[in-house]
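Next come two complexes, and both contain subunit A; in the first it sits with subunit B, in the second with subunit C.
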Partner chain A sequence: MEIADIENDVLCEKIINDINAVLTRDPDVTSFEIIPTLSYQNKSPVIHVEHNLGLESWCAKHVYDFSHKTILASKLSGSKYIYNDSLVKYLNCALLINPDVTTFWHIRRQLVEKNKLKIQKEFQFAALVLTKKPKASEAFAYRRWLYPFQSAESIDWSIEIGICDRCADKSLSNYHAWSHRQWVLERASHLLRSEILHTEKFIKKHISDYSCYHYRQFVLQTIFDICYYDKEQNEYNSLRDFINFYLVDGVSSVGEIIQTLLPNIDLNATNEDKLKCFLYCCNFAAYDIKFCDDLKNLFGFRESFENHRRASLRFIVENCMRFNSSVECYQQPPVSKLSKFDYSSNAFLMALKKSEGMLGEQHRKWCSLFLNFDYSDNSD
Partner chain B sequence: MAFIVNDVDISAAEPKELLFDKHVEYIANHGNDQNDFEYCMTEFLRMSGIYWGVTALDLMQQLEKLDRKSIVEFIKKCQCPTSGGVAACEGHDPHMLYTLSAVQILCIYDCLDQIDVAGVARYVASLQQPDGSFFGDKWGEVDTRFSFCAVAILTLINKLDVINVPKAVEFVMSCCNADGGFGSKPNAESHAGLIYCCVGFLSITNQLHRLDCEKLAWWLCERQLPSGGLNGRPEKLPDVCYSWWVLASLTIMGRLHWISSDKLKVFILSCQDTDTGGFSDRTGNLPDIFHTLFGLGALSLLGHDKLLKVNPTFCMPQYVLDKLKINTQIISV
Partner chain C sequence: MVKLYALCVFFKGPSEGRLLKAAYDLQSFSFFQRGAVQEFMGFASKTIVERTQAASRQSVKQDAYMCHVYVRADNLGGVLIGDHEYPQRVAHTLLTKVLDDFTAKVPADQWSTGTESSIAFTQLPAYLSKYQDPREADALTKMQNDLDETKIILKNTIEAVLERGEKLDDMVIKSENLSIQSKAFYKTAKKTNSCCSFS
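Let's look at the complex of A and B:
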């Protein structure tokens, strides 16, 4: 080994120890960054200010190489590295600099299984990695993997939503952050209500982040699937306005709304929860259609506004058709199986079809393909 | 009303012809400097890196530029004797992604017998879950990418019968969205890369009739931007790798002509690096080996006369699949 290499190794070891000293000393480290610097400046490259940890860029390569080399040598030697937590400081540095190395996360998993690492510290570490790389799919996967090690009562899912929110905020259309958030919501349906508010706020801040719009569609679908509604809510103003946009003879009462959307329904034979959930969800979708129209008026045409408006419109039309055609099995048949549905019995859908058909050739095509609207007879 | 779209500008100075020799040189020299930081940082996906280089060179009929013997030796060292799976690099853990890359390379080199093929089949089968989905490795992440990897690997080694194919199909179909596209999991956002995996999966398992082609092709065509480039999701910038994923999916669905090939070609060619060779993700950025394969692959799908024909499902030269007598389903319209 050359003298320069030995010096390099000694220096790397020192920097790695400095980083780990910060991680041990300050359990509230909230962010990690590599700070662009030109060259070695004869002071410690590890910066720790107000719970923020930084590493000067000139040494990142050396620290990574050295950590990487040390971890793999230990693993390849067949030594019982798995029982030895002295590797952790190298794993910390390697993963902070390069969070995509699946194998390094796996070594942590094995250490967790051997009780060599504390679950809470691991959650913190993965969150720290995400401050440096908000799209680090391995860090999200690791957090999902850690959850079963916690007792159910100690889980606070809103913390997880907060992490997703910060990662999505930093890196737009962040597929991993939004998929992870979906995974959280599947386990924490009590957060559905607040997610309606969160996503609206997020969209107002990031109007072109379609992943958030898609997630909002998932929130709506989940609300519908679990038959949730707000028991306090007796007015459906967005839905009322939506209907009145298409119909000359406007509606005002809830009874009229039901009569317009579901003209064939026998109220006595209908499950009240299902009906209320239907109204609640359609009101949500109608609100979003207006929301998209407003965004378009403010910012001009964008794909996100158009796609989300269409998804919301499809939700209302599909569910009206399903509810109308068969109350008992309205959740099962996909819309393509409902192509024979007779619109003429539903004045509202007829009016909607006609009005939407006038929004340009492309939108008309979309309506016939996705809503099964038949414009071929030219009668509308 | 203003129509706002995220896109790139392609200046007249960008290349308009395929810089064939530059790319050969770029790939052949890739990884020669093993002290390079980038080389160390990308070690965790080395096996795929080799697959991208080998396939790209084979499409250019320049396969001899790489040292076959050392590559095969490398792959042998990466197979885990216990699980049968293949790792990205020696010392790393086996994974479905790198097992597929290794099998693809060995098929191109026509030497599958150099590894324990039964072990590979055992590994893939061990990762299937009761709902039909696949883990990427033993630690339990599920993704439609792994479903594609599983059936692609098993078809290449002629062992598709070791898994429950109907269940696997059921899971992939559960990831289909109302817009016709597919995501990584049920209800996840439609994504062109994952659509490619799912369409490829259905092409391998002869289940293309399950696709709602009209809706899916609509979604895929909306990926083309005014610059001619394709993005992978709504509102994203164009990227050469989506030229491959979108175009391959449309080709499998028999609807390549639904987008403008001429404009796409202009975009792909503009992503070449005139100094070093190689393709970047989009005009003006630095090249890498990943985008180089997918740029060349897309040009091959568009019928470039200097490139061999590529198979849209496997992203391997068609002659390799012909030799293995593997037919992949394609819809003809």
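Let's look at the complex of A and C:
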């Protein structure tokens, strides 16, 4: 080995020790990033200010190469994957600089299974990696893998939601953050209500990021699937306004709303929870249609407004059709099977069909494809 | 994103733009970038004010950012940096309002000699945080119609605002207001072809 190489290795080893010293000394490190620097300066490239950790860019490549080399050498020589504890410091540096190496995360998993790493520390480390790369899918996957080691009562899912929120805020269309959030929501249905508010707030700040709209549709569908509704809520103002937009003879009471949306229903034979959930969800969707219209007025045309409006409209129409055709709607037949549905018996859907049909050729085509509206006879 | 990052008030003197007051909201940038981002936004604001004629408005696009500038006939100028989703009319209405407020609180004889520390005008941070949500401007939107008939000139890059022969790269290198650290950020960002996004 040449002298330059040895010097390089010694330097890297020192930098790696510096980074790990910060990680040990300060358990509350909140962010990591690579700081662009033009050239090597004769001072430590590890910068630690107010719980933020930075590494100067000139050494990142060398530190990564060295860590990578050391870990792989240990993996190859190590008798049956028995890693020594000092390996962790190389893993920390390598993954902070480049979080996309599955092998390295996998070594961490093995160390956790051998009780060589503390679960709580590992959660923190994965969160730290996400501050450097908000789209690091491996870090999200690692967090999901860690959860079964936690006892159920010690889990605070809102922390996980917070991490997703920050990551999505930092990078547009962050698929990994939003699908991680769906995974969280599937385990924490008590957060559904607050997610309605969170997503609205997020959309107002990121009007073109469709990922969030899609997640909001997922929230709505989940609410519907678990038959949730707000027991306090007795008014459905958004839904009422939505109906009154289409109908000349407006509705005002809840009874009238039900009568309009579900004219064939026998109230005595209907599951009350199911009906209330239906009203709650349709009210939510009607609120979103109004929300999209307001956004469009303020910001002008965006594809995301249009798509979300359609998704909300589709939710209402599909579920009206389903509810009307089968009162016991536990199995949901796809809308194509409902093509025989005779919406001429439903004055509201007729009016909606007519009104939506006037919003341009493209929208009309969408309505006939996805809502099964038949515009072939131009009498409407 | 719908976001505002910086709001500055300048006096456009005969030779250069004089910064009278500035406010920044840079929480969305990572910790070690904030200093450099702030310097750049200050630098860009000053550069654009100096190249905007009195009694005119411009909106200059630079990567993910939009710099809205309004220089009044009396050479008082305001610059608002946001992202391109922030409604342009609201931005310009806000600038009008801020400059009116500034004029009411700071006598005109202080403008040509004032500095950030000597000028007593502390409203900028409040404006910046309140108008993060353009809906706040609903009261203002009624004013929009009254927005003076000054046409807003749209420019697609800062380069388009510069005078003939000027180059942004040269200006960055020469600038004494930018630290070595900020220049390093500029070069790196430029290399990754995402200038000023610093990510």
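Convention: the second predicted complex is superposed on the first by the 372 of 380 C-alpha atoms of A that agree within 3 Å, B and C clash if a C-alpha of one lies under 4 Å from a C-alpha of the other, contacts with A are read in each partner's own complex, and residues count from 1 in each chain.
Note that in this section a residue touches a chain if its C-beta (ideal position, glycine included) is under 8 Å from a C-beta of that chain, and two chains touch if they have at least 3 such contacts.
Since the model is a prediction, treat every value here as computed from it, not as a measurement.
After superposition onto subunit A, the modelled positions of subunit B and subunit C are compatible, with room for both. By the document's definition of touching, both partners, subunit B and subunit C, reach A:S208.
The three-chain arrangement built by superposing both structures on chain A places subunit B and subunit C 100° apart around the Cα centre of subunit A, to the nearest 10. When the two complexes are overlaid on their common chain A, residue A:S57 makes contact with subunit C while staying clear of subunit B.
Contact with subunit C, but none with subunit B, is seen for A:T37 once the two complexes are overlaid on the shared chain.
Touch criterion met: A:A141 reaches subunit B, while subunit C stays clear of it.
When both complexes are overlaid on chain A, the residue A:L72 reaches subunit B alone and has no touch with subunit C. In the superposed pair of complexes, A:F299 makes contact with subunit B and with subunit C alike.
Ranked by how many residues of subunit A each touches, subunit B and subunit C are led by B.
Using the contact criterion defined above for the overlaid structures, shared-chain residue A:V248 touches neither subunit B nor subunit C, since it reaches no partner.
Minimum Cα-Cα distance between subunit B and subunit C in the superposed model: 7 Å. Shared contact residues on subunit A (touching subunit B in one structure, subunit C in the other): 208, 299-300. Considering their complex, residues 31, 33, 35-38, 47, 49-50, 52, 54, 57, 131, 169-172, 204-208, 298-300 of subunit A touch subunit C.
Interface of subunit B with subunit A (complex): residues 1-6, 37, 40-41, 43-45, 87, 90-93, 95, 137, 139-141, 178-179, 183-185, 187-191, 212, 214-215, 218, 222, 233-236. Taken in their complex, subunit A has these residues touching subunit B: 61, 64-65, 68, 72, 75-76, 98, 100-103, 106, 109, 141, 144-145, 173, 175, 178-179, 182, 208-211, 214-215, 218, 221, 296, 299-304, 307, 311, 314, 336, 366, 369-370.
The residues of subunit C lying in touch with subunit A in their complex are 1-3, 28, 30-33, 85, 87, 133-135, 180-181, 183-185, 187-189, 199.
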